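Could you have a look at this structure, given as structure tokens, before my questions?
Order as written gives the chain letters A, B, C and D; numbering starts at 1 within each chain.
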Amino acid sequence: MTKVKTLADLKKLREDLQEKIRLRESGEHPESLVQVKVAMATCGIASGAKDVMTFFMEELEKRGIDAVVTQTGCMGYCYAEPTVEITLPGQSPLVFGFVNSRKADEIIEKYIKKGELVDGIIPVTYQSINDNQKEG
Amino acid sequence: MSSIQIELHENQVKELVEVCRSFNNDPIELINVLHKAQGIFGYLPAEVQEIVSRELNVPVAKVYGVVTFYSFFTMLPKGQNPISICLGTACYVRGAEKVLDEFKKKLKIAVGETTPDGKFSLNCLRCVGACGLAPVVMVGDRTFGRVSPDGVQQILDEYV
Amino acid sequence: MDKINLTIDNKPVQVDSGTSILKAAEQVGIKIPTLCYLHLEDLNIENKPGGCRICVVEVQGRRNLAPSCATVCMEGMVVRTNTVRVMNARRTVMELILSDHPSDCLVCAKSGKCDLQKTAQDLGIREVHYKGEQSHYKEDRSPSIIRDMDKCILCRRCEMMCNEFQTVGALSGVNRGFDAVVAPAFEQDLVKSTCTFCGQCVAVCPTGALTEVDHTDNIIRALANPKKTVIVQTAPAVRAALGEEFGMEPGTLVTGKLVTALKQLGFDYVFDTDFAADLTIMEEGTELLTRLTSYLNGNKEVPLPILTSCCPAWVNFFEEYYPEMEDIPSTARSPQQMFGAIAKTYFANKIGVDRKELVVTSIMPCLAKKFECQREEFKTDGNPDVDFSLSTRELAALIKQSNIDFLSLPDSDFDAPMGESTGAAVIFGTTGGVIEAAVRTAYEVYTGKPLQKIDFEELRGMEGIRHATIDFNGLPINIGIAHGLGNARKLLDSIKAGTCNFHAIEIMACPGGCIGGGGQPLHHGQSSVIMARQRAIYQEDANKPIRKSHENPYITKLYEEFLGKPLSEKSHHLLHTHYFNRSKVKVVIPKSKS
Amino acid sequence: MVTQKMNIMVCGGTGCKSSNSELIVTELRRELQENGLADEVQVVQTGCFGFCEKGPVVKILPDNTFYVTVTPEDAHEIIAEHIIKGRKVHRLLFKDPVTEEYINDSKGMNFYKKQLRIALRNCGFINPENIDEAIARDGYAALAKCLTEYTPAEVVDIIKKSGLRGRGGGGFPTGLKWEITAKVKADQKYVICNADEGDPGAFMDRSILEGDPHSVIEAMAINGYCTGSNKGLVYIRAEYPLAIERLKIAINQAHESGLLGKDILGTGFDFDIELRYGAGAFVCGEETALIHSMEGKRGEPTFKPPFPSEEGYLGKPSNVNNVETYANISPIILKGSDWFSSIGTEKSKGTKVFALAGNVNNVGLVEVPMGTTLREVIFEIGGGIRNGKKFKAVQTGGPSGGCLTVKHLDLPIDYDNLIASGSMMGSGGMIVVDEDTCMVSLAKFYLDFTVEESCGKCSPCRIGNKRMSEILETITKGKGTPEDLDRLRNLGEVIKDTSLCGLGQTSPNPVLSTMANFMNEYEAHVIDHKCPAGKCRDLMTYRIEAENCVGCTACARVCPVSAISGERKEVHTIDTSICIKCGACMEKCKFNAVFVS
């Protein structure tokens, strides 16, 4: 882990990390990746998010799709757990609810491979103060 | 209490003593030590509390006072499959009481008891934070969501 | 100190900053009722959990009612103690407390002396509007104390005394909510706990939840049995307190009336524990001098300081917590037990009565004495040296039951030979007294010179831990004194740590010594009562013609006729004891160094 | 005419479903099929858009057209006009009620995004187990700014000016609290984070710790800088193993990165954080009880003053704030107090996270600006009441709070409004109940919680709540009298007035507020001995309606106590003296012949 010793270190580190993420998200990078985020808070895990995450990791590899599968905290849609956010290169993220392995399979086959939407998308109903954050 | 009623495994006692030492035998660490002790023994019988009392130099009455204050601590061994029914508000308004009644009926035990064969014990807890899945039942570490009274037998069947 | 101005019930009052509303109100003649609050001012003992909520008052500008015991006065505060809101709240809270309390006042040991009963009366409670489940607990009877927790109101005074003042830690609040109660570990009986039976929990209990084991019935039966010869000894602190039970001013000495009452009750011989106290000084004082001389002669193995051993709760305490230090206290038995041992041998022989037909009873300010007299080591063939020990309170009850009008009794004198005593023995009843008595004798024995001044003011007082250096003709003797087991613990820890340079230490378990004992008339939180008893004790000492134990002629005679000399073999057999490891936690724990 | 791939998203939230959104999907697909566009344009059902009032809603991508109150009959026009000809269906667009203008692009339609995430800004975005992701989203930037640009007093001033109030319940001004602790002189001070979230039905603190632990760590360090403390303690429920785990990982990573520990960012400021575990006692949410618990004692509260900020953990000045409060600190530092105080109402600034639960469709965690109405939260974000039932009440503030009713729905939520209406903010639990809920039983449920969680130290809470619960038990058993209601009210008021700590001082709120708002239900129980919601078992009678009964005998067979008799193909009857009111017959009957009253 990088040791942050000064304020300058922290600023530099933040800029590097943001750049990395920006590249990944905008898909300008040649090795653009599909990003899969699984909500792994207590309620997500309780409804099977771990299995879903494992499924995505194993299946995406098996099916030869370059993807990063990560965990994240509660997205707030507890009624629809497990929830998964998929970001295709160059596109805005989409959240899917009630994801089990069957749904996950459908998401991989239709959305990730072909860009076709599938049922169960959860519209984002909030603004976050970090959404419109500009570099500065 | 001067007469030891249960035999504690020597290794477990050693482990507990080490735990106390790792907290510098500091009395303010009593609750942390009791958490670890319950982790080692599964529950906190009188004998364990006496060891903690002696190691941390806290009167055993005070240790007992703390153990009985916090619902997380138990002096009774749990069943192999401890069943906890969430009675948080969200679960309550979605019918957790009926699910609890069904468990009581099926297991023929009251809350806080263990079945004679030691397989199941029944407890209530307050909100595991999985309100979206209400009513919620936990068996050991596993969480069952949206449980209805009809689903109780199905859950029990998984453990028979 | 800063002064604070406020008004209470429209009366202006000025107090020091930091004063509670309760105390401020007292200054202007407003007595706010309390239950859990306890403040023994001169002893620095305070219980202020703010739990009972009886003392609530209205403070202008505050949303909720404030507990007057715990709320500190602020400049310009406007306090009302008797508005409709306050009175309704106070009565409702009292009704709630009563709704979880048995209503068997008529047959309760505390009836008439119960703070709860009195407060309920003062509040004019005539009906309890709230009924429901009541708490039920198993009654716990130890040799000294009865715990009837159905009557507990959770004032936590006993817990405070047991933990903060005595550091015995036998009691703790356990469980929570409606099930909360004060109990020993695992809600087991007191006998299985670390309890020393000092009885300070009983002394502060505002209800009938904690009372002493009542032996009056045994005494009445023994007195009525023509085959038995029944003798009684009375401890020094009893005469300074018994009068209170009959409405006399605290500090009134009733020695003469006490003797008359005991004679009227039918005791065959009325003796004085003070006689045994003088005997104690002979034995303990000699032991001190022996150890000291040996030490001065270069034997550094001699255990010093020597600790007094008259107090049975203190003995229980070090057996529980400091068993490894068992060679430090004097081996001398307590006066009660010395008396019993002499009575059942020397005296029984003298009057030609078999020890089994001789019933030795004691009137004690103490509840631990009940436990002490049952100890196996104080029995011969199963027959105890002291058969029954009554508290001051029980004696008062016995006198009342026997239709004796105590106030109108004439004075009488103790019987001989075991009724004769010196002023040194009398002061055994207060903190500092035993060591002063020992110094009076040891000084003269060691130096061979008569004391110029008998009163050692430097050893007296009410401070929890005191120390003084007495000049033994050029040899400075360092004396330590502690009352209260928490204070004793501090001295013991300093001995353990090797930071202590005392030669002798006196320890008494109760606040103020035996005058504040667990068997004394209830002080109801007034430490002035204990102070008054102390003054009475020193007054009795000053009035005595003989004030040094070794000058008691009957003691001299006892040695000549029976014991030989102090620390003789016979003395060892009858007047000394040994100690046991009573530590309750016996789990063997592997002690590896980490 | 289709130039690019289009998507039609139809809201499949419960509210929209109940107004035929599924049929809209069918119709849209049929229209596409008929126009040979099935392969080009997809129709998908989504979760709730949170705009249920105007449902069903349909959104067209990629142009973000947002149609409201769509009917199946509109499918044809949407396909024919919008998809094929590229012309928006004007009449279905949302008309801004203020400007009266039609909104073309939902990108400009932030008004339907009722939620604003400040405390939850990173929850669900970052991987909480990777500090890099936190740093990329400005993690520790606020701490850096404080340490290098502001004096401690200036930071306290920013917090004070922001108007932030404690999110744990009481709503005490956070900046003021910090200032008091900062001013006390002591050799050691402590920064304490109260993560003993015990309200049944509240889980926002857990979510923040699980989703964004660094926001709390950073804020505690900032607090340490302001108050002159180098030691932080988090008191966290042992029932939250995942939150504990994530917090531990985060603390370790912060340490390894040099953002905790000695000489942070080379400024000479040291700060460390330790964890202390709760053990299941609700009262430990009260700060004095929490401190006793951290000291290894029974979690019994003590009288304040002295306040923890003067005499707290181990007798030292201690600043106690809750998780959500801390989660607000960094954005305030970075964006300024003016920005924060521009959100919310006059006396309650910023946002509040609510754990929305109960009989509402979209159970979840919502963060809304203070001043948002209950209606917006329950019906627009929460998607309304489940199973199309009627809204009856919303309970806020957990066991300390009260029940609010239909008449409070348009009440802007803030600390003062809630208290004025007999409830409170509490930690932010929000439980919605429908018409089938018996308010007396609900009040009893909350009171039983307090009875179980009372520490027992003071008499009014220990005995009074027990007595109230017993009276409610009598009432729900049908044995109550009108005098019981007087007793309840007096007890409730005295317990509030005389209890030692916040737990007792608020415990009667659920009873008093339901008595204030649903007196008719209480009266029905004690005068008519009826439970209007049909929930109190002892007040119910089951009967078989002769008209509907076909004599199938199913009910008689399922009855566990053989209370039902009747010949095959004849009307059955229930012997009410035997009936135990288990409801099995009612569940079994296929002909709706069993009724309960």
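We take it that a residue touches a chain if its C-beta (ideal position, glycine included) is under 8 Å from a C-beta of that chain, and two chains touch if they have at least 3 such contacts.
Just so you know, these numbers come straight off a predicted model, no measurement behind them.
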Chain pair, C-D or B-C, that carries the greater number of C-beta contacts: C-D
Whole-Å gap between the CA centroids of chain C and chain D: 57
Interchain centroid distance [CA atoms averaged], chain B/chain C, Å: 43
Whole-Å gap separating chain A and chain C, where each centre is the average of the chain's CA atoms: 73
Chain A and chain D: spacing of chain centres that average the CA atoms, whole Å: 25
Residues within chain A bordering two or more other chains: 42-43, 45, 77-80
Interface hub residues of chain D, defined as touching at least two other chains: 203, 206-207, 240, 281, 298, 300, 363-364, 455
Residues of chain C engaged with two or more neighbouring chains: 173, 175-176
All touching chain pairs, where touch follows the definition stated at the start: A-B, A-D, B-C, B-D, C-D
For the chain D and chain C complex, residues of the former touching the latter: 281, 298, 300, 302-303, 305, 451-460, 462-464, 466-467, 470, 487, 490-491, 494, 496-500, 505
Chain B-facing residues of chain D, complex: 198-203, 206-207, 238-240, 276-282, 293-300, 314, 355, 357-359, 363-364, 395, 398, 429, 431, 433, 437, 442, 445-446, 449, 455
Chain C residues within the chain D interface of the complex: 49-54, 56, 64-65, 67, 70-72, 85, 88-89, 92-93, 96-97, 99-100, 129-133, 153-154, 173, 175-180
Contacting residues of chain A [partner chain B, same complex]: 42-43, 45-47, 77-81
Interfacial residue positions of chain B with respect to chain C in the complex: 1-2, 4, 8, 10, 13-14, 17-18, 21, 46-47, 49-51, 53-55, 58-65, 68-69
